[in-house]
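Note that the chains are named A, B and C in the order they appear, and that numbering of residues resets to 1 at the start of each chain.
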Amino acid sequence: MSAMTRPVLNKKQVEMNYLLHEAPREKHFITGAQAMSEAVKRANVDMAIAYPITPQSEVMHLVGDVFAQGHIKEYYRAEEELGTMSAIAGASRAGVRLFTATSGPGLIRGLEAIASWPGHRVPAVLGILTRVINAPLSIQPDNLEMAYMLYSGAVMLHAENQQDTFDFTLAAFAIAEKVDVYIPVAVATEGFFVTHAKGYVNMMSEDLVYKEFDPVASPVPAMDNETPPARIQRDAPVQKSNFMSYLIHSVWQQEIWDSNSRAMKYIYEYLGGPIEVQNPGSDIMILASGCAAAQAREAHRYAQEEGLSVGFVKVKAIRPFPKNEIREALKSAKKVIVPEHNIVGWLCTEVKAAIPNGGIVLEGPRVFGGMTLPVELIMFEIYEALGIEHNIKL
Amino acid sequence: MSLAYITPSERFKKYLPKDYVELIDFGPFGKSQEEAGPGNMGQFKELMEEHPMCSGCWMAYYIRLIFASLPCPEETVTIGTAGCGRLAISQAAVPFIYGNYGDQNAMASGLTRAFRLRFPDKTKDVITIAGDGGTMDIGFSMTMHSWIRGERFTTIMLDNEVYGNTGGQSSGMSPKGAVLKMAPMGKDFEKMPATDLAKAAGCVYIVRMSPTNIKAAAKVIRRAIFVAREVGPTFIHAYTSCNIEYSIPTEDVFADAIELGKGRFKFDEYMTDEAKIVIERVEGEEKIARKARKAAKAEAVN
Amino acid sequence: MSKIVEVGPAGYMPQSAPSMGVELAPEGSALLYGNTVTPEEAMRDAAIALLTRKNPTIFPGPQVLWDWKEDVAEKSAAILDLASEIPNCKIIPMPDYRPKYPKIDVKAEINPNHPNLTILDNRIEACIFVGVHCHYANLTLRMIRAGTNCYTVALCAYMGHEEAMASIRDLHASDIAKFKEIVIEERNKLGIKWETTLPPENPSLPKEDNSTLSPADYGEYRSLIMTKKGEHITDSE
């Protein structure tokens, strides 16, 4: 089907708060990939650029269908991820709403461009469907790649399940485009475990869409020959060797991280806050993000049934990192268990650095290379931490 | 034409620096080529004046020429990458996007498509201007694929046959045998066949030239932009020597450009039938407009 | 009120205001030294600074300098009305955001990449930024706070600026008019006599006239530019 024959849809434009919190929803049983593309369908995206990689491909196939159905205005498959991410940066200068997604090695390939998006003030939404990045090559889930994103300057959300993937992706557009934020928002979730598994997702009608992108309400001028000034570079080569050019670069970097931290209030507004806490004040706290949070939640339920003093923290926002919130949630914990889907334990490191008594944070449990995270693995750590005898054999 | 963004707000005009007021009053915005084209450089306020290029730089001259030749500077966006060229391009009074290394044609792909969806009834010209390294080495895949996809914008390669900005390293476009940094024993493979690659990748208008003739060079730049608006990707491969790295005495820069214009930069113009139709139409229209202006002028004199 | 954001110079590489805990003011409020206050309170402090500190200057940015939107005429008129009530106020524009090459004419303009050159050369100790895109405004305001003793006022059409000493958000022409009234009130309170006068026009430097340049102008370096008779330099490195 060519672009010429795509249907013209007449949808009702609404504010993000109405879309997320008020619009009536219906329950669907869909995969994480479908959930992400359904969010894109309702986000009034102008342009999506795709490049295949397993397990992300499904998302961008589905977004392609969403384009063909007339929900978004432009879509193409680029040459590879660096080309994709660069094209996103180019299109963003024209003042349009943008979406792309990638996985593991694709993210790493596109990282040169992605790491420059915040400084270039590119308010695009990036789906990250995690996958092994290290050799030997594998397509399996593992979120080590997120460690490489931590210092890019982008806002990062980590979705636990299909519902999160839908809600976070939708909210990401509103967060990214705030005048005081205006940097990319990455929405990550685990490949296969979430992208290819079905779950219940409550979704609003697809006749509702987020209000149109406003290229004028921006902290930088669109390069569209409509917005002054005429003599403009985005962004200026400021690498002359003198103090003023060092200073402009350093205040520029500060501005990006300030923009990142300004996103926090919108994370509260749209997602109810950067963390979810159950049973605060327990001796043992299980803290996890993404898919690991689903398993941690289950371990928490087991522990409740057994009457153990165990609480649960789910971290939704990885950047800006909710230091204060986590410090508050863990303030009376004796031990913190951080289950993760990677070998380095980047979340564990972040949590250790966030609290004054980092020694209470246990290293793990961790699985990687595609291994699943059995609830027993977490229960084992709980029993060990509480000094309870058990017969879990792993 | 959207001149609004370069029109001073009435009350503030007298508070603008002279340089900006001159640009508005005497610059090329909204003017024809007879009024403000390469033929009468020096008689209007140019888009690019001061720049930090080396003395005797042929690339600086050509970039100045590109800006003087733009059919519609107020609706043009340029994209470049690391290299000498961007030092001058970024000084022009035309929006300039400077992204990452060699990404200019990928950026332009996104930008032109986004322009078309935002402004379906307007023509906005996108031109990537990058060096031989940015276009044919580090940006090769993005350059080739933008052409293969048929992206409608103009690519200009400023070929000085060396990485001038980083200190004189050999590039894919350096001639075989050239002794340069990173090719200390002499480059051991041929200069890349850029125009052949462009043809194979589907560019619809391709020119290789040493831009020694101002009129001819300007004509090529304009043709490339007009064709890109309607038909498909266009490519200009221009020789813009590096007098520093190739040790060309300043007074010999022009002679060198003439000489190479007879050799590996011999003028070569390729166009598809579709491109030809556009060129003939636009140049025909321009001719009629020129005659009409001449007649009107003569009448005014009488 | 404790001042979180103070008039500089804050030093070599100051912490940014947001990292010192300053948050943007909510709708209907303003920021004064990093604290949330009423817009009137912020305007009053700003007015006193503009009336009492040396060389008050308004820096209009591209969004009000160029005639691209319907509200520009109204806003630019309001800005000039305000300027004409501040004694000896200057207007130095920020027409664009590109670093100036080869050098900035500091009497004629200010640039977000090196704002201190203009502030320091003109000894500006109180200024207003208006119509500058937020990203560039934040960079500029922090650099000014780092390296100068200038009191900064940000009049912003969006959410305001943590880095400014006084920041007004959601700015309309009517807010500028209100600011003007406050300036007049404070001026009268301070007993400063002033007749409404528009600031002087842009004092751009005349273009250098190279046609009258002679080797003598190069002083001790003249030998470097003068080739000796018959000399022809062909060597290059």
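Operating definition for what follows: contacts are C-beta pairs under 8 Å (C-beta built on N, C-alpha and C of every residue); 3 or more make two chains touch, one makes a residue touch a chain.
In this text the structure is predicted, and so the values were computed from the model without any measurement.
Participant: Where the contacts of chain A and chain C overlap, which chains show up?
Facilitator: Intersection of chain A and chain C contact lists gives B.
Participant: Per the definition of touch at the top, where is the C-beta contact count highest among chain pairs?
Facilitator: Most contacting pair of chains: A-B.
Participant: With chain centres taken as the means of their Cα atoms, state the distance from chain A to chain B in Å.
Facilitator: 40
Participant: Just how far, in Å, is the C-alpha centre of chain C from the one of chain B?
Facilitator: A distance of 35 Å separates the two centres.
Participant: If you look at chain C, which of its residues touch at least two other chains?
Facilitator: Where chain C meets two or more other chains at a single residue, that happens at 65-66, 68, 95, 98.
Participant: Which residues belonging to chain B are in contact with no fewer than two other chains?
Facilitator: 4-6, 90
Participant: Which parts of chain A, given as residue numbers and ranges, touch two or more other chains?
Facilitator: Answer for chain A, listing residues that touch two or more other chains: 226-233, 236.
Participant: Once bound in the complex, which stretches of chain B touch chain A?
Facilitator: Touch list, chain B to chain A: 2, 4-6, 74-77, 79, 86-87, 90, 92-101, 103, 106-111, 113-119, 124, 141-142, 144-145, 149.
Participant: Can you check the complex and tell me which residues of chain A touch chain B?
Facilitator: 46-47, 49, 73-74, 76, 78-80, 82-84, 86-96, 112-113, 116, 120, 215, 223-237
Participant: Touching chain C in the complex: which residues of chain B?
Facilitator: Residues 4-12, 14-20, 50-52, 90-91, 243-244, 247-249.
Participant: Under the stated contact criterion, what part of chain C meets chain B in this complex?
Facilitator: 60, 64-68, 72-73, 76-77, 80, 91, 93, 95, 98, 101-102, 105, 108-109, 199, 201-202, 204, 207, 234, 236-237
Participant: For chain C, which residues are in contact with chain A within the complex?
Facilitator: 13, 16, 18-19, 23-24, 62-63, 65-66, 68-69, 95-99, 112-114, 116-117, 133-136, 138-139, 142-143, 146-147, 158-159, 162
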